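Shared between the two complexes below is chain A, which has chain B as its partner in the first and chain C in the second.
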Partner chain A sequence: MTLETREPNGQRNGQGNGQVITGSVRLVHAAGMHARPAVKLTKLAKKFQAQISIRASAAAEWINAKSVAKVMALRAARDSVIEIKASGEDAEGAVAALVDLVAADFPDSGP
Partner chain B sequence: MNDLVGEAMNDMVGIVIVSHSKDIAKGTADMVRQMVGSEVRVAFCGGNPDGGLGTNVPLIIEAINKAWSPKGVAILVDLGGAETNSEMAVEMLQPERRDLVVVCNAPIVEGAVMAATEAAGGSSLEQVRAVAEELSAA
Partner chain C sequence: MNKRANIAGLGYRGRTASIGFAHGPFVHIDGAANSGRIAGTPKAEATALRAALVSAGGQIAALAEAAGGDAAQILEFQVTLLDDEDFLDPIFAAIAEGTPAHTAWASALDAQIADYNSAADEYLAARSSDLADLRDRVLRTLRGGESESLDIPEGAVISADDLPPSRFLEINWSKGGGLALLRGSPTSHVAMLARARGIPMIVQLGSMSPSAKQNTKLSAKPNANTALLDGEGATLALDPTAEQVRLFERRRDLHHKNRASARAILRRPAASWGGEKIRLLINIQGAEDLEHADAQYADGIGLMRTEFLLGGQMGLPDEETQYQAYDAVLRWAGKRPVTIRTFDAGGDKPVPGFTMAGEANPFLGVRGLRLCLARPEIFTVQLRALARAAVRGNLKVMFPMVTTPEELEAGRRLFVDAVSELQAEGIAAVFPEVGIMVEVPAAALTIEQFNAPFFSIGSNDLAQYVTACDRTNGALARLSDPLHPAVLDLIKHIAAYGKRAGSGVSLCGDMAGDPRCIPALLACGLRELSVNPSALALVKQTIDGLSEGGGRV
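On to the complex of A and B.
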């Protein structure tokens, strides 16, 4: 599990709002990213204001983590690494929460 | 009863499932509750009053009122008659409710799960409908 902060276009501008937060996490769910995990991931992503994108391999296109149709269509297999990036005020919390969700194998939601 | 705060933050679009078969309607509602959770109101109806296959306008109206939310209700249907009877049910609602109900052009199971997922995030009726219909648009 990694969490890092990257400035857009590699520039350091020192401003919090323009920052892109990224994280990556290995998908341990036995069946991969099928319907139920996709719904959980989307629902969690929607709790944040930040723009959040995910992809299942470095070659794939980034998709909107708040679109349940797109997340379901991701069809990420078990053991693939999910990359997450977010920008906006609560981006850091969003990436951390989504990494936790995937790392914990999509537990049934708490509170 | 439902006009406490008008559009409170936790209001969510309700979902109605209308199938020719009560088993399909109930099974779809079960999938929504299990996959999305119970925070979104889901009501369903299926079959005719004699227990056979079919859809029935009064039962659809009842389901709409059961799932009612100030943000509106999205209906997911299966075959032909389910759609026409749902449209008829919408026309027979109280005038102020009619504009807050849409029949989605989407597959019943996938549409219901995706609509409910979108509704759980507090989205508007139009957004919920758009997400449900995303699959058919492609």
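On to the complex of A and C.
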């Protein structure tokens, strides 16, 4: 795989809860961020309690990763870099899982 | 002037979305009409919309369940949208301010549809018909009607402005028919469904610039008794003349004949070469690969990879998840053999939480069976799932990346323990045939040391290790040829030992699907090849061609 995957790096921000975890990953999906990838991304995001935002290719606006309408509206094209940030108790796991999902090109999780 | 006479016999041209031919009664479906609905108080409206969303979600889920497979995945986008608070909140806010539910819903969807349609990207624009589908379904439900049933004669050529996926699934296609859309797109979900079901389909009949002599495009509300739909030439003819029907039938028959001859090769009971039967099996990643139309013609599954189970977000898959995956494939195969390869992680397939980090040379590192033996707690879960699945069919299990017979025996011992534990727990389990994948040159050279009922040659890695060439390095393309005599010698050696020992030998690398390599593989003594489902017809045709030429190589 030829990806630029970066491990989620905790940007320690004072103590405990205010911590924001960030990560970024290159979108390798041939058709860009379209219906199936968007559905998979939002479904995975919803499994976490953390507040999760994403943006594509350093756009100004961060959008809610749990909204499929918003994720579709990103219109992230192939090879754009998806940035992910999350805060909350399971933020670290959320960013790692979302980075993995995009890096692995949205695999089907089951048969 | 009579409008019908005006269009009779004319042909319209669009774009092909699904190849095939249909001749039948012509029906045009109108989009949802915006009939009136009396709005209640804001609170009642919010309740009505909420109920309509739940009901629509239920209808879509039922359709998805009935259709299964791709169709279910396509409908999932709609279901997810119904549960999207960011999307729904502004709609309920508008209702709270006094907008009727149907207006608030429709305008939000229309805005989204317009946004998708304005996209330069055809794929995104095609998704707008999914949104129109959802818009209309919720509106119908709000008006109190369930989805109105479509009165469509069997085998009809159906025209519509665009057709949403759920409407497509409501139509009975069992007697054939075809679909002609004024708009639509070859990349739409409906087009994917039409291709999967073999329904011919043409799109963009209302917008394509017509050919010079047919200076018309299809009107918004076409009317005719019968139609010819030619999904190959992307043409639609309404109330065709006898001459048009004759030409159409000739094209259709030619198309069917060509398809039949490719199919006929697949349908022959078995490929044979020099009087010996050649067994052709398929390589799959998971149960969804079995949906390939040619998969049914395989003699079995020569390689089911299991690494896809490790890609999930829920961490490593539990026993039940794995059992379901293996069981689905065994049920499909019936009596045919299914060879499942245990986790082949590591090398170029790192798995967080499983593979070793920081190896200087992962291709020569702790991968395949080496890794599984190093992580028995993970391996045992897989072995338990396999032992349970073995009860269900003709299962064989193979270990990848084996170097010495001791590794095979160590893996076997873990397997025996897993079976005993299951049986002690009162769970049905059996010990399946256990063989190895031969891809390490040391194992290939000493194959007679291995006590196994079958061997499967992993020619990709074997050739890579024998020639010391990374296959993906273009600069080495000439050196990394799998037809190197050293590779062929090893294959010959393994095949000869298998024959002597009565152990089956197959080959499941890319060589098996490459017509250039097949004569050499047969000459090496292989009688079993495993290829991707899409390569099955080509391989069978290649082997039949060799036999007809009588050619031993």
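Here is the rule we go by: the second predicted complex is superposed on the first by the 94 of 111 C-alpha atoms of A that agree within 3 Å, B and C clash if a C-alpha of one lies under 4 Å from a C-alpha of the other, contacts with A are read in each partner's own complex, and residues count from 1 in each chain.
Here, a contact is a pair of C-beta atoms (placed from the backbone, for glycine too) under 8 Å apart; a residue touches a chain by one contact, two chains touch by 3 or more.
Just so it is clear, the structure is predicted and the values come from calculations on it, not from any experiment.
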Partner chain in contact with A:T42 - chain B first, chain C second, else both or neither: both
Larger contact residue set on chain A - chain B or chain C: C
Touched partner set for A:D90, first chain B, second chain C, both or neither: neither
Contacts of A:A31 with chain B and chain C, given as first, second, both or neither: second
Which of chain B and chain C A:P107 touches, first, second, both or neither: second
Contacts of A:V68 with chain B and chain C, given as first, second, both or neither: both
Interface residues of chain A shared between complexes with chain B and chain C: 35-36, 39, 42-43, 47, 66-69, 72, 109
Chain A-touching residues of chain C, taken from the complex the two chains share: 73-74, 76-77, 80-81, 84-87, 112, 115, 119, 121, 123-124, 127, 130, 189, 286-288, 308-309, 311-314, 321, 324-325, 328-329, 348, 352
Chain B contact footprint on chain A (complex, rising order): 35-36, 39, 42-43, 46-47, 66-69, 72, 109
Parts of chain B lying in touch with chain A, wherever the complex brings them together: 34-37, 113-114, 117-118, 120-122, 131, 134-135
Chain A residues touching chain C - in the complex, by the definition given at the top: 1, 31-32, 34-36, 38-39, 42-44, 47, 64, 66-70, 72-73, 75, 77, 96-97, 100-101, 104, 107-111
